[in-house]
């Protein structure tokens, strides 16, 4: 039904660049080429920003008077934790668009977001626990952020697990997109209930972000890193989406031609 | 009653059948034939709004559809009459009594038995009884003759004739041997998408 | 014969389905008992595993009972849509013209009456086993009364999504347990507050809010999930 | 307590995970392209006797 509606509205769509862009995104070869051109730039920006941010963070910023050197883990932990939440949200939004308008490329983008988000969640968990050892004297404390991250990891694993268990790819993607949406509705509730649970049980009062007033020289590298990982997400997501597209369309003409050209 | 244009359904990114277009009016029968695996069941399920077509349009579709598929939708732990009474209450139809349709499909003797004790043919008859009870205008029948004896086949034909004479319509998918007699019948030969 | 469906009212369809599900559960009443026995066994394992000290048991009682209730619910959830999916009844429901949301809600209500309510009724016994202070027993029952319907409602979404899988039950627990976290936190906090003689009405208010939200949202999500699973 | 090992450990875990996450689709792409080549070859072989 979808395709017919789009063909009927083609004239109208030409006038609106946004609709036109979405329409083009729906064309696999166009998306494949467009993403291919974009990816190197995203990687370049990511690497540039990371080098700059880590240089400032690891070598330039002074040690924290309260936490000592270990606060430098923050430049990895905090951007990773932010990314894990942001990617889940963006996955749910893309999943919503995919479900409502039945756009295949959105299904692919949403599903390719899940492993990247899970990777950031794992990094946030690992770096949080490594920060905990020198600070709290133990690798794991049921602190609000770590606990929410752990639940978030389960949510990601659920989406990935569901997507991989259903055979038919589009059905799998639609089911997992719906689950991502349900998870996203629950995510703020989980986040705040865990936070509140933590205060209720008198959890650790020092967190990675620190109660200490953050010096601008410590804040800048954090912001740079937070922007840098967004480019990582963009580049990685598009790379994954391209591979998925090739895999799904392997019997289609455009992929066959592409591979033939690739060979020569 | 039912009019479709270039309906297509993809599974694993392959069209299951060649795009389907047809128009079905009241009193007409559409016989969908084709080899095994050409997508008859899928087509019927698309027409029944269980599956969403990948492309193509429903120009017209009545909401009043009855469906008999491979899985008959009969609860094993309920008796024949309980199955039908539930469907009557659930659908809110009251034009015919459950006992009457049970007699019509020839299950009068077993109406108090649990559905799990029925044979495959008897279960089919039970599903046909539900179809009669549902009082729908468009019937979507997927291999209605399978598992039925000669008497049962005649029963389906009889039901169909009554239904079409009363201004109903029917899409019937079958792989061949038997075809119901009806003057206003169209044949639709479904072609597998893989053949293209 | 008039060929026009006298579409029945949604209310009568809802109650017809509810009645049928209860009757089916009654016909299979032994299976209905499994989750309840499971709950009893799991809770009784705790004193065996960590020792019978009444103080410690009282302290962990709310958590233990609630976690056992979560596990028992997930075990019973798999049967929520499975038989209707496998024997084709769900397809007939889609064709019936009644919204799938209403159908899901009727089935969820039936599920709660069969699997959730017995847990609530059994909880005083568990509370006594776990040496829970008598003054917080009422709160415990109340949290379960408000909380178990939420478990059935949220769980129905997970069941809807995994119903087309042969081994959906194992995946189901991964899908729904993270979503149960807030309920577990709020419900156990309420019981602990009551044990400590602190005000707990705010927690019950949160549970009521959760129940209202999930009643209004979950059946839609479950219906969408079923529609996807049928395709 | 010396904090350095913990900092190094977390950054190396971060690097490994991010690298693995970035490289996984590339190895996947290689195997997908190999699959597609095989499909193409089979198709060409099937076409030859007909022509």
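Labels for the chains are A, B, C and D, by order of writing; each one numbers its residues from 1.
Everything below uses one rule, namely that contacts are C-beta pairs under 8 Å (C-beta built on N, C-alpha and C of every residue); 3 or more make two chains touch, one makes a residue touch a chain.
Values in this document were obtained by computation on a predicted structure and should not be read as measured data.
Contact tally for A-B versus B-C: the pair with more C-beta pairs in contact is B-C. The mean-CA centres of chain A and chain B are about 47 angstrom from one another, to the nearest whole unit. Centre-to-centre, using mean CA coordinates, chain C is 42 Å away from chain D. Centroids of chain B and chain C (each the mean of its C-alpha atoms) stand 36 Å apart.
Counting partners per residue, chain A has 251 as the residues that reach two or more other chains. In chain C, the residues that reach two or more other chains under the touch definition are 231. Remark: the chains found to touch one another pair up as A-B, A-C, A-D, B-C. Considering their complex, residues 1, 3-4, 6-7, 9-11, 13-14, 17-18, 20-22, 24-26, 28-29, 32-33, 35-37, 39-40 of chain D touch chain A. Residues 157-158, 161-162, 164-165, 171, 174-175, 177-179, 181-182, 185-186, 189, 217, 221, 224-225, 228-229, 231 of chain C are the ones touching chain A in the complex.
Chain contact summary for the complex, chain A toward chain D: residues 58, 68-70, 72-73, 76-77, 80, 115-116, 119, 122-123, 126-127, 130-131, 133-134, 232, 235-236, 239-240, 242-243, 246-247, 250-251, 255-256, 259-260, 262-263.
Across the complex, chain A meets chain B through its residues 1-4, 102, 168-170, 248-249, 251-252.
Chain C makes touch with chain B in their complex at residues 1-9, 12-13, 15-17, 19-20, 23-24, 27-28, 83, 86-92, 94-98, 230-231.
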